[in-house]
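Read the structure below first, then the notes.
Every chain is named by a letter (A, B, C and D) in the order it is written, and numbering of its residues begins at 1.
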Amino acid sequence: MELDSLYQEVILDHYKHPQHKGLNPVFTAQVSHVNTSCGDEITLNLNVQENVITSLTWDGAGCSISQASVSMLSDLLTDKTLEQADVIVKSFSELMASKGTSAGDAEILEDAVVFAGVSKFPGRVKCALLGWMAFKDAAIQSQGESK
Amino acid sequence: MSFSVAEVRKDFPIFERTIRDGKRLVYLDSGATAQKPWAVINAESDFYSKHNAAVHRGAHQLAEEATDAYEGARAIVAAFIGAHENEVIFTKSATESINLVAYAMGNAEAGNRFALTSADSIVVTEMEHHANLIPWQQLAKRTGAQLSWFKVTQDSRLDLSNIEQIITPKTKVVAVTHQSNVLGTINPLEAIVKRAHEVGAVVVLDACQSVPHMSVDVAALGVDFLAFSGHKAIGPTGVGVLWGKAQLLDELPPFLTGGSMIETVTMTSATWAPVPQKFEAGVPNMAQAVGLGAAFQYLSALGMDQIRAHEISLTDYALKKMLTIPGIRIVGPQTNESRGATISFTVKDIHPHDIGQYVDSQGIALRTGHHCAWPLAKCMNVPATTRASFYLYNDEHDVDALVEAITGAQEYFGRF
Amino acid sequence: MSFSVAEVRKDFPIFERTIRDGKRLVYLDSGATAQKPWAVINAESDFYSKHNAAVHRGAHQLAEEATDAYEGARAIVAAFIGAHENEVIFTKSATESINLVAYAMGNAEAGNRFALTSADSIVVTEMEHHANLIPWQQLAKRTGAQLSWFKVTQDSRLDLSNIEQIITPKTKVVAVTHQSNVLGTINPLEAIVKRAHEVGAVVVLDACQSVPHMSVDVAALGVDFLAFSGHKAIGPTGVGVLWGKAQLLDELPPFLTGGSMIETVTMTSATWAPVPQKFEAGVPNMAQAVGLGAAFQYLSALGMDQIRAHEISLTDYALKKMLTIPGIRIVGPQTNESRGATISFTVKDIHPHDIGQYVDSQGIALRTGHHCAWPLAKCMNVPATTRASFYLYNDEHDVDALVEAITGAQEYFGRF
Amino acid sequence: MELDSLYQEVILDHYKHPQHKGLNPVFTAQVSHVNTSCGDEITLNLNVQENVITSLTWDGAGCSISQASVSMLSDLLTDKTLEQADVIVKSFSELMASKGTSAGDAEILEDAVVFAGVSKFPGRVKCALLGWMAFKDAAIQSQGESK
């Protein structure tokens, strides 16, 4: 079933067992984003020390895709440098814009390549990107502060 | 029911197509926009291919024919809602209709009955669609008027217990929806209209979810302005209606300005044409108005009372069947009293968006989210809902398909 | 000319009908509204019969298809005028587009670059259509800003000799037409844009009479906002476009408020979605936007430069032939320099309305009156004119028919 | 030719030789009306003495129909009482609304029955009514003043 390419096991697994959920009170940037078409909300707390993401935690309510996506995002980016994070975010954004034509770069995205299936569902791309866009903002804020 | 859904569906070409690899289309999203019968599609095409010209302007045969078609549509719309012809204004949508009233009030100068100051208040309700909320927020902001609102009770009704404190002698306008696009609740208007008129306020009714589904008579309702969209009433996109009492439309300043709404113009000033022209600046959405006329002729031929009866019996069936699904919560009246054929719900442990996606894979179209009524979602304590909305082309098979799909979604997402 | 008018006419179903008891339809009223090819009519019908759903909202296949069609149309429109997609806003008409800018500026608060006070000025011209005049009069009235204007010379051109006195450091906005809908004059924009930007003002271009007839590139023109109507460009009624520079649209407050243009909403406040959604409240005129996309595809396939060349040669022919009629006065440039295919005229001793009526009896559609540019009529010292406006489906036979009919009118009214 | 029912000889005659044109400076009411769709303008000076229209003069610019119509109006109403005028105006208005189905009451309207042909041309009804509507307003004003 076509639907299975959207709701991959890994995605539903992250949805049911979200990683890094619960906001760490120590952070260098806090950002809240909302999906205006459905109301999904996510708050991210990002902590950057000497250019390294020492913690990335979140809270929010939303559909399986938005929740699983932010869960994987946190997993992937924790302990990475901001430059490494940037590469990963770019790669993920490209994958989501691919309309099902890309399989994703597993070297960079690891488990998150399962979102390749989501890119076939234009209505859900925004869900998948919600946490990632929030992270982008948070990273800019953190850099602004460290300057 | 006194018309055959199977026959009705034949008039709507979209049901000839299939969805998601050959599945039957089950369209349960008429609350967002309705499907169109050939009668409407052809009315637009005919206008373009045979009578197209700018109305009210040219001194030639096509212009006469186009004017007849356009004004003929106005007469049909007026008759449909029990209004006078010159009280019917064509807009692009209900959103524009409501903005028209709000902006025009903002244009009123001291002395005009619509002029607002910080001594005045505007009343809305907690169950309004954003289209009947934000224009009033903005008007309040521009004029300094105070915004007050009726709350919604936990059983999905307007809380009118404090009506005298909400609608006060300061109140100039009360904007309320006839039927909630989320809950399905049909609001009791009598008390609101009575109290509003008692204090000299006008009532603006958002009739987006009522005019397409039941017989609406503006005189009987007693409201002062009424707004709806053509596209939710099997009419074309790009056309809406504002109805207002003739005398009030006379006193209301214009909104959009430009051609065809003027009497005289100099470089520095202008005076206005009589209503309805005063509110229809520019070359109007002629083909769409004509299409809306065809839509109302189609609906009238079936009979609005028959359509309402059909929807009541379908809602009965749907409520009963849906309530048997474990973990379901109907967000809206649980019974079929004073409610329309719009049923919002949540399912335990499955996000509304995921429900929507699963049922879509089964060929069923419905809507998920806050349905442009975010404050209402907050007050019902749901982040979002899934909404099924029924219309004249839906039947019990469609309900069955929905119930089966919800159960399927529970299995699908219960896999792990 | 590099396309065949005879072939083009076959694409436009209205030419299959006859007028006034069997006469050939000679349609010379495209300045008011253009006729529609099957490609446009069918694009609307197809949308309704196959893909109709509310865009950006539903989580179902039809909603995805409708969104693709609607956003695809936006991309076509953007490409047609050399713009970025997110700079193209669908409105109901040019009239709405211009009102949008004027009202949104009126909504700007102190500190916003668009905020106007009595220390500011708004500049228009004496040849504006009411749609690009009255909204600015009203904005001036609401904000206290001063309204100034360029005059029109007796040879039908903008008098820019005092440009430094008209556009001053106080000027916040200059609203000007690309081509006069009465005179046919095409205005030189370079000097206006340069001076406006020098003083920090934005230029709003009324491109109603240019976009349908010639290749228009917003980047090359250097203007800041541009408005036009679909229906004058062989597109559907009920759709217009506002283009604006991305950064300016970002800073401009919203106009119509309601669903789909918000980010978050509470009972008392709201924040806005990014452009273009910020300016498209409500369920949009989807089928009409899709139809406009089809119109621009049709025009592009013929080639806008070819269409312009065709109109230039037709205007050449018409001007020469019409000037041979005794007693005729062309109200507009007498030569074919910087002018479009719109020719207004008067005939000695016959009122324009009577000319229009007589030529109508011969199957020829044109327009009489002040053409929604009353101050211009006053300044050209005519109570009204008769206007013939040509387009891609007109040819020299149509001109011949017109000239013959004018001569016929002279005989007819010379009877006594 | 259909057109001939619009442009009757009497109409063109009044157009070329307008009656009562030129404003009498003595009046009890002065009213200006304009046809918003084409810009035709008419100013009427009405003089009512002891309920009788002693003079009805006008000036303006417009098409043959609007000019001929106001010319005939002045001819018809001069020396009539306001009540008689009211009957004539009503009868003319009904004729103009008849869409070509009425021949007009020649007893009341005299020459003005030729406007029956105009009622077939919806675009021209406004032209024919321009002066008559102005008269209506002027009559109300005159009555207001004599009260």
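Here is the rule we use: a residue touches a chain if its C-beta (ideal position, glycine included) is under 8 Å from a C-beta of that chain, and two chains touch if they have at least 3 such contacts.
As the structure is a computational prediction, the values presented were derived from the model and not from experiment.
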| item | value |
| --- | --- |
| Taking each chain's C-alpha mean as its centre, the one farthest from chain D | A |
| Pair joined by more contacting C-beta pairs (B-D or A-B) | A-B |
| Where chain B and chain D are represented by their mean Cα positions, the distance between them in whole Å | 45 |
| Whole-Å separation of chain centres (CA-atom averages), chain A against chain D | 77 |
| Geometric centre distance via CA averages, chain B-chain A, whole Å | 37 |
| Distance between chain centroids, defined by C-alpha means - chain B, chain C (Å) | 31 |
| Residue numbers of chain C (touch at least two other chains) | 20, 57-59, 63, 262, 264, 353, 357, 368-369, 374 |
| Sequence positions of chain D contacting 2 or more other chains | 37, 121, 123-124 |
| Chain D contact footprint on chain B (complex, rising order) | 56-59, 63-64, 67-68, 262-264, 273 |
| Interfacial residue positions of chain B with respect to chain A in the complex | 20-21, 351-354, 357-358, 361, 368-370, 374, 377, 383-384, 412-413, 415-416 |
| Of all residues in chain A, those that touch chain C in their complex | 34, 36-37, 121-124 |
| Contacting residues of chain B [partner chain C, same complex] | 13-14, 17, 19-20, 25, 27, 29, 32-33, 35-36, 38, 40-41, 44-45, 48-50, 52-54, 57-63, 92-96, 98-99, 103, 107, 126, 129-135, 137-138, 142, 147, 149, 229, 231, 236-239, 256-260, 262, 264-270, 281-288, 353, 356-357, 360, 364-369, 372, 374-375, 378 |
| Chain A residues touching chain B - in the complex, by the definition given at the top | 1-3, 6-7, 9, 12-13, 16, 37-41, 61-65, 67, 121, 123-124, 127 |
